[in-house]
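The two complexes that follow have chain A in common; it is paired with chain B in the first and with chain C in the second.
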Partner chain A sequence: ALKGGSRFQVSAALTEGRVAPTELCQRCLSLIKSTKFLNAYITVAEETALKQAEESEKRYRRGQPLGVLDGIPIAVKDNFNTAGIETTCASNMLKGYISPYNATVVQKLLDQGAVLLGKTNLDEFAMGSGSTDGVFGPVRNPWSYSRQYKEKSVPKSHSEDEESNWVITGGSSGGSAAAVSSFTCFAALGSDTGGSTRNPAAHCGVVGLKPTYGLISRHGLIPLVNSMDVPGILTRCVDDAAVVLGSLAGHDPKDSTTIQDNFKPFELPNLTDVSKLSIGIPKEYHAPGLSSEILALWSKAADLFKNAGAKVIEVSLPHTRYSIVCYHVLCTAEVASNMARFDGLEYGHRSDMNKSTESMYAATRREGFNDVVRGRILSGNYFLLKQNYENYFIKAQKVRRLIANDFVKVFGSGVDILLTPTTLSDAVPYIEFIKEDNRTRSAQDDILTQAANMAGLPAINVPTGLSERGLPLGLQFIGQSFQEKQLLTVAKWFEKQVKFPMIQLEVKRHDHGAFQHQKSASFS
Partner chain B sequence: QKVTVEVLDHLEHLALVDFRDAEGVERLRKAIQFADQLHEVNTEGVEPMDSVLEDRCLYLREDDVTEGNCTKELLKNAREKVEEYFVAPPGNIPLPKLEERETFLQGS
Partner chain C sequence: AAARGCGGVWRRAWQRGAGGPAPAPRGQRAAACNARGGAVPAGKSGLTPWVPVVGLEIHAQISSNSKLFSGSQVQFAAPPNSLVSFFDASLPGTLPVLNRRCVEAAVMTGLALKCSINKKSLFDRKHYFYADLPAGYQITQQRVPIAANGSLSYSLCIDNKMSQMVTKTVRIKQIQLEQDSGKSLHDDTRSQTLVDLNRAGVGLMEVVMEPDMCCGEEAAAAVRELQLILQTLGSSQAVMAEGQLRVDANVSVHRPGEHYGVRTEVKNINSIRFLAKAVDYEIQRQIEELENGGTILNETRAFDSKLGCTVPMRDKEGKQDYRFMPEPNLPPLILYDAKSLPANTNHQQVVNIDWIHERLPDLPSVKRAKLVERYGILPEHSFTLLNEDGLTEFFENVVKQTQMKPKKVIGWILNDLLSYLKQHSLTVKESPVSSFLLADLLNLLEKKEISSTAAKQVLVELWKGEGKTPLEIVKEKKLELLQDQKELEQICQAVIDGQENEVIMMVLG
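Entry: the complex of A and B
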């Protein structure tokens, strides 16, 4: 079940008693240990996870599981508050901070009996597109250690260490994506402000769902950009994402930006007839720098829909090229405001400087934040200065409306779903990635994903194929507000057509021998 | 050049975060340059958008106490405290002026 099994299959195994929750938990914990070099986890909550698994086992024995998620091991990005467990946001500012409460989404998963294995690694405060800029170091893409990648990589010299060839996960939810991709958990929570769930999902070959803004509670998610942040869902297949969505969506009185409409969890139909579907291909997403491989894949996908009888048309979202600039201004402005809470007084790092409140705050923030965070705070404050407010902040808000309206026009013209690439290329090696600074990288990498955040629309990455280097390539579907069922139904149909290959991970396991042995013991 | 030492100093005061080095200042300059592209867009007659949910009303709950009594929990994460108080250094003391504080901007 650890190999490629969807959570449904594991749930069936749990219900039928073929595997016990504690055994499943133990296997995942052991796999986390053998894949420690990926650096996907910041905190592994071994004791509490095993306790949760034991409770789940008791429920299964009584024949009273809480639901489909009961006993399922999950991981949570380290910018969600988890009661009693350290929450660091991969920053010195929150090292040692033990949350006094659970984020609503975490509480919901626990209430369904899910087993929380640990907190995953990210870029500091979710700022970045590589999961390379956190204080606990970068996350390594599990595909770096796949047979598919190794077969295609040509050693540059005899002395070149395989070690230096590893590729990034993308970000900022890289730890969560790596955790799901390497089978250490069945689902993981990420966050998505500019693409932070979809980007690493594409690079790690997993499904990454960004729900409509307002559908899932942000209470307990340490905020970056209040008007764009959403919790993201990472799983190995679209059906699993639908199940997790079903357990998380809905109004939360603790987050007044969640809509009050009644949300009904849904099961995805097995779509066979796509002839009534209209797929839009936004021409502006043929962005500069888009790799020819991805362009070809995108074209092939469009043909797939066409040949199946769907209507596939080119559409235009004319303000696309400004969305990254708009995002840059709005993001830094909201970040400047949200990061103001870190002053050392009530929680988190506190400097020894005690001459005055202001100097203590300044020293605390000097010591606690990395360059990226400080840079965004300063830029944000610049754009919010009285003399700049109208020309930058308000201007960006106006451009935001134009971007959102582009989507309204296109969907209003009869298009159901948009099909676009998720990233410009496959995952790059770490040593190459760090040659450019964080802001440049983010600007390049967020180009295809962040307009959906600007407009609040749901979007999903579906792993589609492998690149020439043997690494995952994903494509993105963008849907209409609160039409997750339609979005996921189409995504599931597409997933079935492309049959993305399973990762052939080559890892030595600690107490169960070689990973290959585990394959024969699986039961999916 | 709109990014003068006065502006940088002002920002350090507002943000209570420092530029640290020349790279930090350059980072800001590049950020502004990048943001200036916004001015190419014609936004005549366009209203600023605060939220994608602007057509809906924010949820307001009843003004009833539903939770609390967690003083001990909340104080756990604070480093300096006395009884039920968070302890701060003396307030109303402005950050030292540019010449007097430890900042990269000094001598710019």
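Entry: the complex of A and C
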């Protein structure tokens, strides 16, 4: 018997027997192979996925599927623990690490019959905004290989066209966004600490939902910032996101920060009347560097609501501009703490250095972590020093409270949902992106998404249109705590109005050799 | 080092005082321990006295089936690394889940130590790298502990005389919940370290006592009283030898009227007896150091029980910055009382302070007062009864089964039973003579069927544990007192008859 709530469109095909779970799984696996150059997956769990699909098929034949997710191929970001399947965090530190347990969200997906295809690529330990800083190399945005992009972007010259023009996915859940965008899976889990789900969703033209902090268990998610991390959901449409949310949300006895209540999955209504809605447009989101086409898109969206009868008002979140600095202190402090466990003793990489325990620790951490991770550990420890704690950490916590209170005030004034851009611009080419360091990039790219994490609020990226270069642009809706149903309902209405175009992927022309070359070159 | 311990003037005065007849030092000694922070005898100059100050940090392992933040079992001496959950080994992605039993134990202890219980307390991470600390940090309560501002009353006898007992009070600064670390075993020959994580994550209560004590004996008495309270509550088994109660002493000395001196922290103290020794040694060492023109370093020292002295701990050199940070994975710990308890609460979900308060057992001080009142025994006897595990119950059982007055029974318990057990290193539970047998024997004595000398003889037989009853032994050994006048006369006559010559000699003088 299926639980309440909506279902994937493909679910109907499965239930009616129009497609078999094994067939669906195989189709996805072969797409993963043909899009290997995207580098979206770190590990493809072909064998276990096929086994799971076979089990699912038996259940369908008996007429007893486990739930709405039975037989649905999914992918999971490689910072969620998966029993028996490598969990690397795209780091040398955890290369080859096989966890003995499943993250709660992974377990819930499997318990409902989902087929786990593999683990997706990311920035090392989710620290980044491009999915370019992992040990397995950068993820390529599938839209780089779309007809839309190719037609509109003007190649500098014929010879270097594709190899220099491919654009990043955004990050850090770029692998998951690329996987959903390139049809290799129907849904993927990401994580969202400062925008890591919404940012790549925007760049890859998919729906990216960051639920309210505490609604979904973090048990088994390898943490970046415990007080801001949430498992994120990436899907092709808002309805699918609601289905996945329904199957993941609720109290987990293994995560003390989850809500006590059980969560009731919901079906999203088809909104016809938005006249009772009050949409807030926070003026501070006119951030420096916001591209004119995103600004135009944002205004158009506001007009869309206005014309449909909704109340659209400008609101102010005055402390949002301090968000980046504040996040830097809080994030690095927690990173310094969370990374302390990687000492080479219990698991993960261990250096051969054996002069003393201390020298082994130092060498292990030097060899295991990239510069970004080490840099954040260093800053974080600096902020936590006794002499700095008051001036940095405590102050940052106070600023965080102010940022959160801004939202409370705005929502208290009668605003239902905030509408903002998700990113400053469309995705940039990889060669442009790596000209700036990770810190600068993260600070710029998180600017529109981070405040929701500071305040723990639910937020969603909805693909809205294509840029002049033929790349996806997305807008973000920010809702009130635990008001996911309202948020998703509005997002669904908006999605229906904007009719975001389907990606026209042209993958056959890519030859592997050139890609391999590029990949190894980018490491050195 | 051993010689040094006896070298100091202050130390010598102390020992003479404690030892016996010299009256003057004894007076000083008593003064030293009577008033808080009171001056102790002069140093070399003989003019200016020193004031020793002793504070204690005590880690008590919470008696609980599972660890503070994980479901792993807690068990002493289990095979290495057999009680380790994913969380205990700090596997990435694992999260702490607070054990309700540990919270209740800390609340009980806080209430018993007259603390105010914080209805909202917080957890913090304390960072340092060590092989037996897998996460690289310990979860503790640095900012807001679960309980604070309490006090502990304890008694000690002056000059080892049970008849001269004084009661003192030490303030309890706070009680905090925290995780224990694992254990490291260093194999120097193979330059290896072996790590056992069975203990990692076990719940501890850290009890911080203010520096209200001034000598080893006070520190020892305070810890002994705390130990009894914990055992009475069942919040900790508090067996020092098994590491369930670990005591660190902060010691300093200063001149009267001046600021406290630089303090040292003495660790590695694994019995109450050693605590007294370690503290006294450290006080003496500091006085000598200062009198010789030296300075005291703010350092951590270890007590070497074999040498009877304290030595600097090498691996604790240099002050660490623990980079404290709020533990983000645990919400604030909220406790309720009858007033604040929300309606329709599931009692399994909340900890109610008042509920726990109402169910606190009698604390040792109350138990002692009741014993004195009920049985008319001396206060110092009540201390001895409580100090030995199971002795009070033994005593009360004997009293129940005999007509002998409790005041007389206590003599048999303390002088005969206890000294025998001590001589043979037995616990009360291991006693070969049960309360039933002893009561039987005392009943024979009380009914004047045997003399008290005979009773002692019977007791000697009973210790053998051969399963005979006192009456059987009395009969076997013919130890009955004769009640029949005629029979007694006959026996006397028989004796006299057999010794005619002697009788004649006596009569003749």
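As a convention for this text, the second predicted complex is superposed on the first by the 499 of 524 C-alpha atoms of A that agree within 3 Å, B and C clash if a C-alpha of one lies under 4 Å from a C-alpha of the other, contacts with A are read in each partner's own complex, and residues count from 1 in each chain.
Criterion: a residue touches a chain if its C-beta (ideal position, glycine included) is under 8 Å from a C-beta of that chain, and two chains touch if they have at least 3 such contacts.
Keep in mind that this is a model prediction, so the values were computed, not measured.
Student: For A:G456, select first, second, both or neither according to whether it touches chain B, chain C, the two together, or no partner.
Tutor: The answer is first: A:G456 touches chain B but not chain C.
Student: Is A:T332 touching the first partner chain B, the second partner chain C, both, or neither of them?
Tutor: A:T332: touches chain B, not chain C.
Student: Quick check for you: in the superposed arrangement, does A:Y389 touch first (chain B), second (chain C), both or neither?
Tutor: Touch partner of A:Y389: chain C, not chain B.
Student: Considering only the touch criterion stated at the top, classify A:N381 as touching first (chain B), second (chain C), both, or neither.
Tutor: both
Student: Looking at the overlay, does A:H319 come into contact with chain B only (first), chain C only (second), both, or neither?
Tutor: First partner only, chain B.
Student: Does chain B (first) or chain C (second) touch A:V399, or do both, or does neither?
Tutor: first
Student: Identify the partner contact of A:P253: answer first if only chain B is touched, second if only chain C is, both if each is, neither if none is.
Tutor: both
Student: Which partner chains sit in contact with A:T357 here, chain B, chain C, both or neither? Use first/second/both/neither.
Tutor: Both partners, chain B and chain C.
Student: Determine, under the contact definition given at the top, whether A:L345 touches first (chain B), second (chain C), both, or neither.
Tutor: Once the two structures are laid over each other on A, A:L345 reaches both partners.
Student: In the overlay, work out which of chain B or chain C sits against more residues of chain A.
Tutor: Between chain B and chain C, the winner on chain A residue contacts is B.
Student: List the residues of chain A that touch chain B in one complex and chain C in the other.
Tutor: The overlap between the chain B and chain C interfaces on chain A comprises residues 100, 227, 253, 256-257, 336, 343, 345-347, 357-358, 361, 381, 385.
Student: Touching chain B in the complex: which residues of chain A?
Tutor: Those residues of chain A that touch chain B are 97-98, 100, 213-214, 227, 251, 253, 256-260, 319, 322, 325-326, 328-329, 332, 336, 343-348, 350, 353-362, 365-366, 369, 371, 374-375, 377-379, 381-383, 385, 391-392, 394-402, 404, 437, 439, 443, 455-456, 481.
Student: Flag every residue of chain C that touches chain A in the complex, lowest number first.
Tutor: Checking each residue of chain C against chain A gives 86, 89-98, 125, 127, 129, 131, 134-137, 193, 195, 321, 323-325, 328-331.
Student: Flag every residue of chain B that touches chain A in the complex, lowest number first.
Tutor: Within the complex, chain B contacts chain A at residues 7, 10-12, 14-20, 23-24, 27-28, 30-32, 34-35, 37-41, 43, 46-53, 56, 58-61, 70, 73-74, 76-80, 86, 88-91, 93-96, 101.
Student: Please output the residues of chain A touching chain C within their complex, sorted ascending.
Tutor: 80-81, 87, 89, 94, 99-101, 103, 218-223, 225-227, 253-257, 333-334, 336-337, 339-343, 345-347, 357-358, 361, 381, 384-386, 389, 393
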